[in-house]
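Chains: A, B and C, in written order; residue numbering restarts at 1 for each.
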Amino acid sequence: MFDNDRLFKRDPEELAISRELYNEVAKLPIVSPHGHTDPQWFAENKNFNNATELLIKPDHYVFRMLYSQGIKLEELGIQRTDGGAVEQDSRKIWHVFANNYYLFHGTPSRIWMDYVFKAVFGFEISLDENTADYYYDKINQKLATNEFKPRALLDKFNIELLATTEHATDELKHHAKLKGTGLENTVITSFRPDDVIDPDHWNFSTSIVTLAEQTGEDISDWHGYLRALKARREFFIQHGATASDHGHPTARTANLSPTECQTLLNKVLAGSATAEERDLFRAQMLTEMAGMSLEDGLVMQIHPGVFRNHNQKLYQTFGTDKGCDIPVRTSYVDNLHPLLSKYGTESDLRIILFTLDESTYARELAPLAGHYPCLKLGPAWWFNDSPEGMLRFRHNVTETAGFYNTVGFNDDTRAFLSIPSRHDVARRIDCRFLAQLVAERRLPIDDAHTLAYDLSYRLAKEAYQRTK
Amino acid sequence: MFDNDRLFKRDPEELAISRELYNEVAKLPIVSPHGHTDPQWFAENKNFNNATELLIKPDHYVFRMLYSQGIKLEELGIQRTDGGAVEQDSRKIWHVFANNYYLFHGTPSRIWMDYVFKAVFGFEISLDENTADYYYDKINQKLATNEFKPRALLDKFNIELLATTEHATDELKHHAKLKGTGLENTVITSFRPDDVIDPDHWNFSTSIVTLAEQTGEDISDWHGYLRALKARREFFIQHGATASDHGHPTARTANLSPTECQTLLNKVLAGSATAEERDLFRAQMLTEMAGMSLEDGLVMQIHPGVFRNHNQKLYQTFGTDKGCDIPVRTSYVDNLHPLLSKYGTESDLRIILFTLDESTYARELAPLAGHYPCLKLGPAWWFNDSPEGMLRFRHNVTETAGFYNTVGFNDDTRAFLSIPSRHDVARRIDCRFLAQLVAERRLPIDDAHTLAYDLSYRLAKEAYQRTK
Amino acid sequence: MFDNDRLFKRDPEELAISRELYNEVAKLPIVSPHGHTDPQWFAENKNFNNATELLIKPDHYVFRMLYSQGIKLEELGIQRTDGGAVEQDSRKIWHVFANNYYLFHGTPSRIWMDYVFKAVFGFEISLDENTADYYYDKINQKLATNEFKPRALLDKFNIELLATTEHATDELKHHAKLKGTGLENTVITSFRPDDVIDPDHWNFSTSIVTLAEQTGEDISDWHGYLRALKARREFFIQHGATASDHGHPTARTANLSPTECQTLLNKVLAGSATAEERDLFRAQMLTEMAGMSLEDGLVMQIHPGVFRNHNQKLYQTFGTDKGCDIPVRTSYVDNLHPLLSKYGTESDLRIILFTLDESTYARELAPLAGHYPCLKLGPAWWFNDSPEGMLRFRHNVTETAGFYNTVGFNDDTRAFLSIPSRHDVARRIDCRFLAQLVAERRLPIDDAHTLAYDLSYRLAKEAYQRTK
């Protein structure tokens, strides 16, 4: 399972080319311009607790699969919002995971975990119920060493850049602490303002008050509100941010007059906005964010199309990010039209589009990115951050958008230890795709070498290094 | 064409693994938990008529293709609802089929037919206009023997379980007749209540009256109506049913109060319900059926997303199931939300979701089934019950839902003789898919063996054996 | 890159079969029943200007990719509608193209261009910034010769039939000029009435007046309007047309009474029709066109689902067809229902459906074409006229629609020199697909030979040679 040819196609010719391409990019530094690791790890540099705390509890890819097979989240030690009883015995939880590890066959979680076990912890035998204790003890032993402290792992993993994601009102204390450590250019933040521009965000009413306090602006005034947002963007830029990130339910944008915006803002702040008005507000705010990006140089990432917290009972008991966010059909062509009509021809603006609706790859996203100078396509995202998902991405977008309207790989993860594995999968799959083109005489081998380097390293660096 | 390596990928390594996996599952008993064979065949055990009556006239896959090329259904002997003249000469119809057999190149119908001709009837030469009579005579000869009686074929085909599908008001006489024959656990029924819960079902007004008569309930009372449905479910369970089946136009569900339900029922029975109200009624009834499933243990199958009888002229002349049912875009995330908000966390409930809209595989269905304990994914259905369709299913759902949120194969057919062929195709394609994972070092070979067995046999048994 | 095995799968068995099939069809005459070349070229038979004028400026596939990477259309010499300054130096423009030729890696434009450079112009070295002048001079040299005059190229390319596309009010002067030259059956027109049946067409108000003048009909009268359209169809048929073509935003059709039609026409002509009414008018007109096709035998092509001129600023500056037409989600099942309810069972009618929404291939289009006698599926279109696009088409439609409900290849291009390349790609990909079926024992080799011929040549001829 940890064969050096894993994930390559078996045709001898393609396999040989895949190897040749991969060998040159396998050890390139990791550029991770979008993700969700905790900056506190790197600021404080304390040892991680134990295998269960590090590898299971924070990983909703893992516990959602166990949950889908009838295992209660309480059995996995996931904290209830009401403080109700959940399993406290981390070893016991680890056993539940080990006993059910077969459920992950065919999933990327299994690929990442196997990599972590082998390449990070050095296991030679597989995880199952018989080896569960052996695994648990050995992992914990290692986690307690200096070699497995967060900053040491950054080195070990050859991470050149790691962007975390913070909400607009975050004080960025951990990033501030990194200044002067030599890591301030390695671990940077990204600006995620959903909580202050999406009236349906669970924390909107609180965050908007904080926003006013932090900036001293009158956020009930449309222009004051925009100034407050600009100030926060500037604050994030000072802490290393080169990108903003937007997780709206849809890709809808709008282009309203300032008067209309003021009216909408009034309703939103008064809590009297209808669902349609709140949606329109979000839509307008994406366009505003694009305008600010053009000014301050933050690269704008749009991650739309998820029905968050679909399982209401689970959400009520356990809160957000519990594996029940479900993608929905998404449209880009009509939805982005207002924004693109205003800013689409600006080649100094960069907007990176993501999707969980793969039917838009060839139909909408590749034609849009293959035309508009400001648009690039983000890599296969979330559920599609997987070997098959990445192959579908390349097969569906390349013919229309080419390679140079894409931006390399994002790991987008809070599972720190899986980062090398995820980048390794991406590099392998890209090399496999390029190898197929070479073998089928659709791409010269020399250009494939250049592209392998670009897709593994260069494009991610270039795409996200913007701020003026 | 009947090579033992058919449908396997040709890469030598994958081919060898495919063979190895397939050889262990090829001869496993057939479990067919959802289909449309006629229980009368097994109850009466009479010989089938002739090749045309058995293989062409009931198979809308076959005659729709001939029709699409300009051959009238009358020429194929398909009965008109007005009793108008149609071809009576079965041999002549067989010739039309034979002469046009080339039209089926590349279709699963051709694969199934070739299998039937070779493996069931022993033909060594291909069917075409020259061999049409030879085929026709030899098939009819065999059909007249004891060896080709329905019950003998159940044995010959190694069928362990065969579920038929009957409407809610069916008296299940044929299944009753099977009691005591030793076949009562082999040929079972399934509960399909569309005709009494879908106001737009062509037979709703008649069936609802029958329902009241059969159960003695006042079906104009919401609670009486629900009791009547429960009684019929119980009746079906007594005749072996372990599953219900729901063929609604969409996957919409609702969660109304009893008062709202009573109001809706009144309108539906009075024939005054609007299209939206009839749709809401269907939606509410799916949620009610889920509630009853939780109580009585019937596994709930949802088969949504078909525009039935799209060709109005054909429907008027020939009735339902004439090859003009056309899939439409289908949504699950919003539509199932009411039902899942009520019952989604119940791990004692089992709902199997099907689709004809493959864009929902990776986007909606795999994430839903990869989270909710009550949800499983049915196999590639109808038009996608084919080599390519099955491959797309596995490639698109496995990474998010894994293998164990799927339920093995359904043949879903009224073409009895094609059942071994259809299961053979499914087993081959699953082995091919597993072989690819093994070859690409994404799955250990030992686990692939287990999975081949599970996908071919065990999961279908487990998924459908519920009733308490 | 110009290997004789290009685009074939590398598996040795499939490769051998691909070669065997391809060798028999590689040199078949080209039948191009739908495209956008300029009939003036063939009428006047003048030499083409230079490489830039011929290969870059008219090819929106090429300049949209350069534009997406920040190169202004002015730098590429694309004419502004306001006559504003644009680059005039064709050699300089050629250099911009050559320097950025790497952007096209993985795109069909690169495949076509490489073919043109190698097979048409005889280059042995690749185009890049160093060879740009060499290329430019040599191409221009050749373009100035008799051998590269338009009619000579028709011969050289072995083009048996080339259909151009003209608007309904076109006077077809160039086609008239071809009469008696021996080319009148080679270069034919097609009837594209968007400008007189789509009220939102940019030229509708002008064209509708021309229509009245040309035909002498009172187009304000519904029946007069229809007569005028019939007259134009007849005029086109006299100039060789065998097909009509319809580029509506959606596939919506309608079936209104003549009174309703008259009311709608009144509003449309008065300019008072709402967006919905204009859409309904278009919808009704598709049904009318189908009715006329049934009478006069023109094959009806429907190319729906494009948001035209999405980039408003670009459209305002440069006009239509500038690479910013973006596909949108498209529906066929509901939309075509009115038309099919009226004419669907007519086997003397032929409607060829196209799509840019590949999610409809397996879900809607294949089931529709696999049933309705009047429907056929056009090949992978526009953005999907590419190796991957063609493979997706065959993989997704064949199992339900078979091969014989498809119509062979369309190049659909205004890039004359790319025609042999495009047909070559289509033939290679079809042979590759057939080879896979043969290798996997899903198709006998003899039938694959027949199919290779049919898909490369016969079906295109048959599908489009209708008029009575």
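Just so we're on the same page, a residue touches a chain if its C-beta (ideal position, glycine included) is under 8 Å from a C-beta of that chain, and two chains touch if they have at least 3 such contacts.
The chain list, named the UniProt way, goes like this: A, B, C = Uronate isomerase.
Predicted model only: the values in this text are computed from it and were never measured.
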Message: Rotating chain A so that its CA atoms sit on those of chain C: what angle is that, to a multiple of 5 degrees?
response: 120
Message: Validating interface symmetry: for the copies chain B and chain C, is the fraction of residue numbers used by both over half? Same or different.
response: different
Chain B-chain C separation of Cα centroids, rounded to whole Å: 40
Query: Multi-chain contacts in chain C: which residues touch at least two other chains?
result: 11, 359
Query: In their shared complex, at which residues does chain A touch chain B?
result: 1-3, 5-11, 64-65, 67-70, 102-108, 111, 126, 307, 310-314, 323-329, 356-359, 383-384, 386-389
Query: Considering the complex alone, what residue numbers of chain B touch chain A?
result: 11, 13-14, 331, 333-334, 337, 340-341, 344-345, 347, 359, 362-364, 366-373, 375, 395-396, 398-405, 437, 439-444, 447, 450-451
